[in-house]
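Both of the next two complexes hold subunit A, though its partner changes from subunit B to subunit C.
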Partner chain A sequence: MNIYFQEVKNYFRVTMVWIAALSLMSFGFLSMFGSFSGDVENMKHLLAGYPPQVLSALNLQVGIFFTAIGFFAYILTFIWLVGAMQAMNLGMGILSKEIAGKTADFLLTKPVTRFSMLTQKLFATLTLLVITNICFVAVTMFSVNMFSKDPFDGYILFLSTLTLFLVQLIFLSLGFALAALIPKIKTVLSYTLPTVFGLFILGLFGNVLGNEEIYYLTPFKYFDVSYIIRNSSYQSKYLWLALGLTLVGIIVGYAAFINKDIEAAN
Partner chain B sequence: MNVYYREIKSHWKGFLGWSAAIAFTIVSGMVKFQGYNTASGKANIGELLKTFPKPILAIFGMSGLDVTKMIGYVGIMYLYIVLIGAIYAALAGAEIISKEELDKTSEFLYPKPVSRSRVLIEKILAAVTFQLLFFIVAVITNIWIVDYYNTGYSLTPQVMTLMWGVLLFQLVSFSFGVFFAGIFKNPKLPTAAVTTVVVSSYLLSVFIDINANLDFLKPLTPFQYFGAPRIIAEGQLDPFYVIMLLTVSALLLVSTYYFYNKRDLNI
Partner chain C sequence: MNVIEIKKLTKYYGKSRGIVDLDLTIEEGEVFGFIGPNGAGKSTTIRTLLGLIHPTSGSATIFGKDIKEFGPEIREQVGYLPSEVFYYDGMKVIDLLKYSASFYKKDQKVIERRIGELAKLLDLDLKKKIDDLSYGNKKKVGIIQGLLHEPKLIILDEPTGGLDPLMQQKFFELLREENKRGATILFSSHILGEVQKMCSRVAIIKEGKIIKTEKISDLLENNTKRFKLETNKITDKKVLEGIKGISDLTVQGKEINFLFRGHINEVTKKLATIDLLNLEVTEPDLEEIFLHYYK
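Take a look at the complex of A and B:
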């Protein structure tokens, strides 16, 4: 368990910064809800005049749109963006740093199997992500409570906020697998940034174009708050896809890292 | 010029990857636009979107742009090109300086009979070369694809104006990257710091689009004053902000030169 504790300790401060960033985004955005809901009546009127096909094409439900949860859905995509960076940096960094920092020989010659080392590192990252999400969910719940005058469905809000964790899991395992596959990584960010932003931009494309096939390609499209609001659940095919991808990433990571030829420091 | 050639050689592949990515983004975006444009009965959608609340449009990246017109769509694509260009430039700037310390090759490089400022200048020149090449790839692809699909009068001048905006974003992000790599002792920090700068100015801009009460923050983020709607509406980049960004970049690069020469390298 030494590696586990060491890694949790190593990454604790960085995680705090990420938690602060995510919480600030959520709180800051929701604090604008008051001014936004001011001209709700006007907009409701306007939107009611549109043909239903148009509204559904743009993924808008008039009833939902003006609630605090509907409002929160706006910022969620961007929270995923930031959360995905955190998770992928973490997954990739935790494996690649031993090789980049030339401490691989030190660590791997200790009496721990690679399997055990990987498992401890994996659990360390999961712990950090769980902590992040507990804080994020708490801050968001608190903020909605504070800024929404109308009552809201706590369960649905909870499901919506929990999507952050699911998206993060995908990116964590993606980073984990890539770190094991790529021979030598100098700067984690030069892999994670293009990947995360690439998929994010693909998701934005999907928004503009309303193209269903693109949705499978990018985790930024797996979860949709308006679906959650209508059904009080995730869309099951995407939920399974998310969990499946996570599992595949982790398995690939293990398989590749256990067989990896690790360059000794010289 | 050894350092220059050496850096050109070692960053060649990364450049090809980024160029391929930008060309692919531009082309596939425009191809999709055609499908979108004909399929959905364009006249109605355009009118409809105009009446939509600001936040929705902001989320779709459509604020102030008419998607059914070619130039509106080019404006939407502009944001993606800017994001990709800014991230590439930021990472390239930070990495090219801090890589010696990351790879622990500073002890190899700096005892050579070249001055530190010489190394710095050659490195910056190498990275700038790639930034310009990347920019040229983006410009050619964008002008070509717009021209290919465009049916009305030529949009090339407007596209070019937008592309100068992209170049400015590249320049500023690059300077921030180099600057952070020049001043920070820990070689891992620069990439993180410059990323934070780029990402948070983008997010701030989205916040401002959503909420009009935040308008007073506009001067803080180039994504606002060099946003596509504004450039298209005014037909030029706001000269005041162009000068401001050029000054900021120049200050960052000059102070890098100053500080990097004095810094204790991390060995």
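Take a look at the complex of A and C:
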């Protein structure tokens, strides 16, 4: 368990920064809802004048935009984006730093199996993401409570906020797998930034084109708040896809890292 | 008992050779030297033993246990010091060493006491951050980190780089003490002087294969000599070229230089036919013998 505690400690501070960023996004945006919801009729009128393509590119669903949860759904897309960065950096960094920093020699010549090392690191990342999401869910629930004048469905809001964790799981395992597969990673950001933004933009394309096939390719399209509002549940095919991808990433990561040759540092 | 037993160990990195059919046995209590030039396969052998890289074929045991099956169990009793040490920069030395200690089953208090002793001996400030350490001081962290759990087998891969001569001496003393305590030492190096100083037996590795395993004393024994002749007349190289056991033969004007390994009479008979001004026969050092094997 020593690696687990060491890693939670190592990443605790940077996780706090991510938590602050995500919470601020949620709180800040929802605080606008209070002033904005007074002017609903005008806004509806204004938005009706926009071409539908623009609205879909902006990911605006006029029907639900004026409820607290619907309003939150709008910022949620961007919260996923930030959360995905956090998760992929974490999943990739926690493995690749040992190779890049050449500390793998130190770690792997200790009496520990690679399986155990990986498991401890994986659980450390999961712990950090769980902490992140507990804080995020709490701040969001609190903010909606504070700024929404109308009553809202707490369960639906909870399901919606929990999507952050599910999206993060996919990116965590993607980073984990890539870190094990790519021989040498100098900077994590040079992989995570293009991947996360690329998939995000792919999702926007999917909106504009209305192409559902594209949705399968990007985790940013697996969860749809308007679906959650209508059904009080996730779309099961996407939920399974998300969990399946997470599992595959983790298995690939384990297999690749256990068989990896740690070559001499020079 | 054999502490290390390597059988036909082979490692290819894709198509490029690491080591080929390497056989090696190291007995308990030995200080075993492993010498060869860079790229000969020393590190590949060591890293395979430690489980850092996976062998292509062949097998090896440490303490009688297979390295692939019992990696963690073996490493519980192994201390390793690489040529270059890398640690987590943000950590303090003491935190790193405690982290290192936490991997071992031994009583942590005993280990901590030993960390203190070793730090005092090597004159290392435990409160400093790893980033702030000089190369030499990082090396000291490496030494402590490799010895803190009193391992039964110490594996050193070109360990002395970055240590000043005084510290090197302290380090060698420390190793001798560990050896007296019963630890077996595998000492890899391309610096022959230090191998000569430390080791009782030595294996010479070249292009992934062990070309000779010998006792240091045998290797240095009288059967290899360096001859230096000064002649009256310029002598043809061919006079000496035919003799078996001669190597590194150079003729420069009236000066002839060569290494000879074999029956001394073979040479003296030939030398009797040459008009000599001067003859010098000396003990070659390991360096010379080594070069002679590598020609």
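Remarks
The rule is simple: the second predicted complex is superposed on the first by the 243 of 266 C-alpha atoms of A that agree within 3 Å, B and C clash if a C-alpha of one lies under 4 Å from a C-alpha of the other, contacts with A are read in each partner's own complex, and residues count from 1 in each chain.
Following the convention adopted for this analysis, contacts are C-beta pairs under 8 Å (C-beta built on N, C-alpha and C of every residue); 3 or more make two chains touch, one makes a residue touch a chain.
Small disclaimer: the values here were computed from a predicted structure and weren't measured.
By the touch criterion defined above, A:236 reaches neither subunit B nor subunit C. Once the two complexes are laid over each other on the shared chain, residue contacts for A:194 go to subunit B alone; subunit C is not touched.
Between subunit B and subunit C, B contacts the larger number of subunit A residues. Once the two complexes are laid over each other on the shared chain, residue contacts for A:6 go to subunit C alone; subunit B is not touched.
Contacts of A:32 after superposition: subunit B is touched, whereas subunit C is not reached.
Look at A:77: by the touch rule set out above, it reaches subunit B but stays clear of subunit C.
Residues 102 of subunit A lie at the contact with subunit B in one complex and at the contact with subunit C in the other.
On the side of subunit A, the complex with subunit C involves touching residues 2, 6, 10, 101-106, 108-113, 259, 261-266.
Taken in their complex, subunit A has these residues touching subunit B: 25, 28-29, 32, 35-36, 43, 46, 50, 54, 57-58, 60, 74, 77-78, 81-82, 85, 100, 102, 186-187, 189-190, 193-194, 197-198, 201, 204-205, 207-209, 211.
Residue ranges of subunit C in contact with subunit A, taken from their complex: 13, 43, 47, 50-54, 71-76, 78, 80, 82, 84-90, 99-100, 102-105, 145.
For subunit B in complex with subunit A, the touching residues are 14, 18, 21, 25, 28-29, 32, 35-36, 40, 45, 48, 51, 53, 55-56, 59-62, 67, 76, 80, 83-84, 87, 91, 95, 99, 102-104, 188, 191-192, 195, 199, 203, 206-207, 210-211, 213-214.
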